[in-house]
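Two complexes are shown next, each including chain A; its partner changes from chain B in the first to chain C in the second.
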Partner chain A sequence: MKDASPAKPYALHLGVIALLFTLSFVLPEYHHGLLARIMVLAVFAMGYNLLFGYVGLLSLGHAMFFSAGLYGAGLAVIHLGWSVPAAFAAGFACGALLALVIGLLALRTSGVAFMIVTMMFAQVFYLVILYLAAWTGGDQGMVVPQPMRVLVLGSTSLDLTNPTVRYMSALTLFSIVLLISLAIVRSGYGRVLVAIRENEERTKMLGYDTFSNKLAAVVISGSICAASGAAYALLFGYVGSSFASVQYSILPLLWVLLGGAATTLGPLIGTLFMYYVIDVASGYTSAYLLIVGIALILLVLFFPRGILGSIRQRWLGWLP
Partner chain B sequence: MMPLLTTKGLSRSFGGLRAVDGVDFALMPGEIRAVIGPNGAGKTTFVSLVSGRIQPSSGTIVFDGADITNLPAYARVRLGIAYTFQITSVFANLSAYDNVALPVQRTLTDGRSKGAVHTGVMAALERTGLADRAQMPAGQLSYGHQRLLEVAMGLALKPRLLILDEPTQGLADSEIDNFIELVREIADSATVLLIEHNMPVVMQLADRITVFNAGRILAEGTPEQIRANAAVQDAYLGTTHG
Partner chain C sequence: MHFGPHLLLAALEGLVTSAVLALTALGLSLVFGVMRVVNVAHGEFFMLGAVLAWAISTAISGHPALGFLAALVLAPLIVGLIALVAERLVLRRLNYNPEATIVATIGMLYIIQQLALTFYGPEARPVEPPFSYRILLPWFGYSGYKLSIIAASALLLVATWLVLTRTKIGLIMRATQYDSETAQAFGIPVTKVYAGVFALGAMLAAVAAVLIVPISQAHYLMGQDPLLLSFIVVIIGGLGSLRGTVVAAVLIGLSDGIISVFFSPTLAKIIATLLVAMVLVFRPQGLFGTTSR
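So, the complex of A and B:
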């Protein structure tokens, strides 16, 4: 947001992408697979962060955008036999359209009412998935068959179930969304979003139609989350209703809070941190959620702005 | 000459209180008009109606020949009506630069190139003497500088009508002198509507003065006429004749 030289933030972000690329060749198989999953879910968190961190709109219904992408892509492959790119586009389009409709309705409210309205819409979405069990598999979900998960590009065909292909696909999506987020945040539009978060009335008095700006943010946020969901279905092959449950609306909020709301890299850090705390803790005890809870409390006590948010506040003011 | 702004029968009630009561008002392009009156006279409510922050109970507002009574506030800003707040409400967590960049990028139509935004921001900051504090968070500026930043944001909108609501409140005397110079400069390119309690400032700046009392216009005229007006002295200056 500062008018400092753009070189540092871009160098940092490209460095993170390069690091993730290198990790693909050195990580053991288990962590390799986990990191691919984390990158896809970090995209979900980045989409959430755009709305929550920058615009200050706390939605409790983002599971519906993720699962719109998940089911949009999954159903297109399973029932219509669509190719991977077409299915991804279908998932993305479902999420974007849903976000537009939900945004038009939910943005009539603000604050707590906005939280409740988004949560209710997400519950409706969840129940519809369960109700249409004949197509969606209900609470059992569906597995996307392996032969369908092949990306054909000209004469080469990439098997998305291959660990390296899967990792690189996840990294590609992650990198694109990360750089888009960075560009949005540093743009004039990003400045308007932050202004709305800080003082919406004042922003109106500078000539901004804040409703339209917020609606655009909901659509961008929902589309990014849908891209994450569509990628999840195609890369990991499971389309399940649990991804539409309220738990998956809370999780991105936690990841973003942990990593640092309104930081571009915070969503990745938060998702990574949460996954590894659970992973390590569950190796020692079956009561791993207790350890996760304690870790969360400690973070909130000592890093109330999240990991990256606190680092930015104390040491690195230039972090975007 | 056609007035830039006219209101006809403009009224706004809050419950039983008629804060603004049937005001007919006309403002000529290029003038500096001061609005004065005792506390609770309806001055701030009146300019809030003009800027669109609150809706009138009845009456019409015409700006540059077009009826704007039903336009939302942001659309009026785009027509050229800028409002600076009585209580300073800069974006405290954003830098002074970003505060001014918001209105600058709004008014640019050339694809909002970064270079053009930067030029516009620095011009507005230099005009208000804040250029060397561009990267400071606005909340850490002194009160006087926050008021100036508020004006810089108004200026950056390139308004045709700039509404200043008690701009000198809380400023030191030395800052007030600079401020008077600044408003004179602004008036070269815009019409200024100024709500002000500080009488020396009003007398130095205003071409004409409108006096509000109990939601109505009590008197209107040049500073000399207002100074000599017995009704104004009774209502506002508290002078007793007798």
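So, the complex of A and C:
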């Protein structure tokens, strides 16, 4: 990673945020709603990318962090009647705590065992949601009532069901997480993570405590995914067990692989691209999982660096 | 019914589950042991076996045993062929890199599942058992076919074990498993062995599915549970250890049968999955396995 001047990456990222902001006033209604959803899910992908792309830990269980945020926030509103900020904080805290526990356990393993262990913990989480159907709504899921989804800031109250407010809230979360991940990647800590990915033994030998560095990465990654889940519950008003299923652990992997692992903007591009491919394809066929499957195989076979990864390799070496 | 006969019934049901599970898990374990590939699509090969068994047995008229026998031979062969093609087209090009192959087999899982849904449909369809003799015990009658599943599975397991330990093919497979580079240096065609093992693993899953389909119906999502249970068995038995796999399959099958008679199946699954995850975290070599090299 070369960094001649720190200005260029920051300019690029602020430009992307500005572009998304402008798009809000240009896009037709349908794509406007879709893009809001994509931005929230891109946050999920960014959280995943931090662990998979930069630390090289392939988790097959990130759906549990997303749904910890989803249920943490959703159930706090539905059952406890909490306000939007408190519910968001609850979801975030649930995800962070879960990530800490899972990290402490799963990081005792590595490689293939890490993938299977994370998948199994996620499966347990999914089954627990189904088992506690009395509170979680089981496989039917639950709708977060519309009157509760109002963000009160001082004297103004923002209705999160309003498309513009929803878009701007999604954009705010997206921008914050994007800038945070850019800052992490460019910091000394980010370099230690990449060093662990490249050669863990050597990093250990150089005196870094690789376990606690990896644990911190799991917690940050899990918290970002939980933030995405909490935002999803509050903005789109639905909490369902399908978000905890294996499929939602695979999707962020697909998005990140497609956009480019270990690139800060890759998750957004991957999510955007895949979402539109599925959206267009579902007009012709209901077999969208077929497309997901073929995309996964083609990506690992011919395009393991993803879109931005390839661009970085060919033309733009400074891309973070 | 009293507690004793109830327990006997649960144990018999558990043994049937174990018999099928042992074959499926053996396939997964062979592929992992020899190739170091975690085949996430293994459950879909199982499902394909069952769906093909339905297709073959309905295509053949006459006595149900005829259709069933044809399915028992043809379905695994077709599944083996599909696995062979998948291995050549995808896994070999990835150089059997463990992480890339997991992602690729997840892709295969979605493709096979979706194709089954498109061409076979969302219905669950039964296959008629080859014979319907009931064995009368003092407390209840029990399906003779279910007992024959246990026998057939035991036979296949012994046959696989004999092939692995007593034949040249088995020796070549074990040599490849032990050290593929040295095996290659001694002139063993390692990529051919890999292709064969991957096909064999898929065929074992398909045979297991053909055996179970007369009592459980063919459905395009039926591969999920066997996959999870096979993972559990392979992990408890020790990744890549065959004897451990069989012992663990009997253990898991029996306890699954007994637990699900007395407790809620979801709770049983939660406990089992959590326990296995903990085994993998704290005893990665499995309960019966030796320390991995």
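The working rule: the second predicted complex is superposed on the first by the 298 of 320 C-alpha atoms of A that agree within 3 Å, B and C clash if a C-alpha of one lies under 4 Å from a C-alpha of the other, contacts with A are read in each partner's own complex, and residues count from 1 in each chain.
Methods note: a residue touches a chain if its C-beta (ideal position, glycine included) is under 8 Å from a C-beta of that chain, and two chains touch if they have at least 3 such contacts.
Remember, predicted model here, so these are calculated numbers, not experimental data.
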Output check: A:Arg191 vs chain B and chain C. Expected answer is one of first, second, both, neither. What do you get? first
Would you mind checking which one, chain B or chain C, touches more residues on chain A? C
Quick one: classify A:His31 as touching chain B (first), chain C (second), both or neither. neither
Touching A:Asn199, do we find chain B (first), chain C (second), both, or neither? first
Which holds for A:Thr109: it touches chain B only (first), chain C only (second), both, or neither? second
Footprint of chain B on chain A - complex, ascending: 1-3, 188, 191-192, 194-195, 198-199, 201-210
Where on chain A does chain C make contact in their complex? 58, 60, 105-106, 108-109, 111-113, 115-117, 120-121, 123-124, 127-128, 130-131, 250, 253, 257, 287, 289-290, 292-297, 299-301, 304
Counting only contacts in the complex, chain B reaches chain A at residues 51, 53, 72-75, 77-78, 83, 85, 89-95, 97-98, 101-103, 105-107, 112, 117-118, 134-135, 153, 157
Could you list, by residue number, the parts of chain C that touch chain A in their complex? 38, 90, 93-94, 98-100, 102-104, 106-111, 113-115, 117-118, 228, 231, 235, 264, 266-267, 269-270, 273-274, 276-278, 280-282, 284
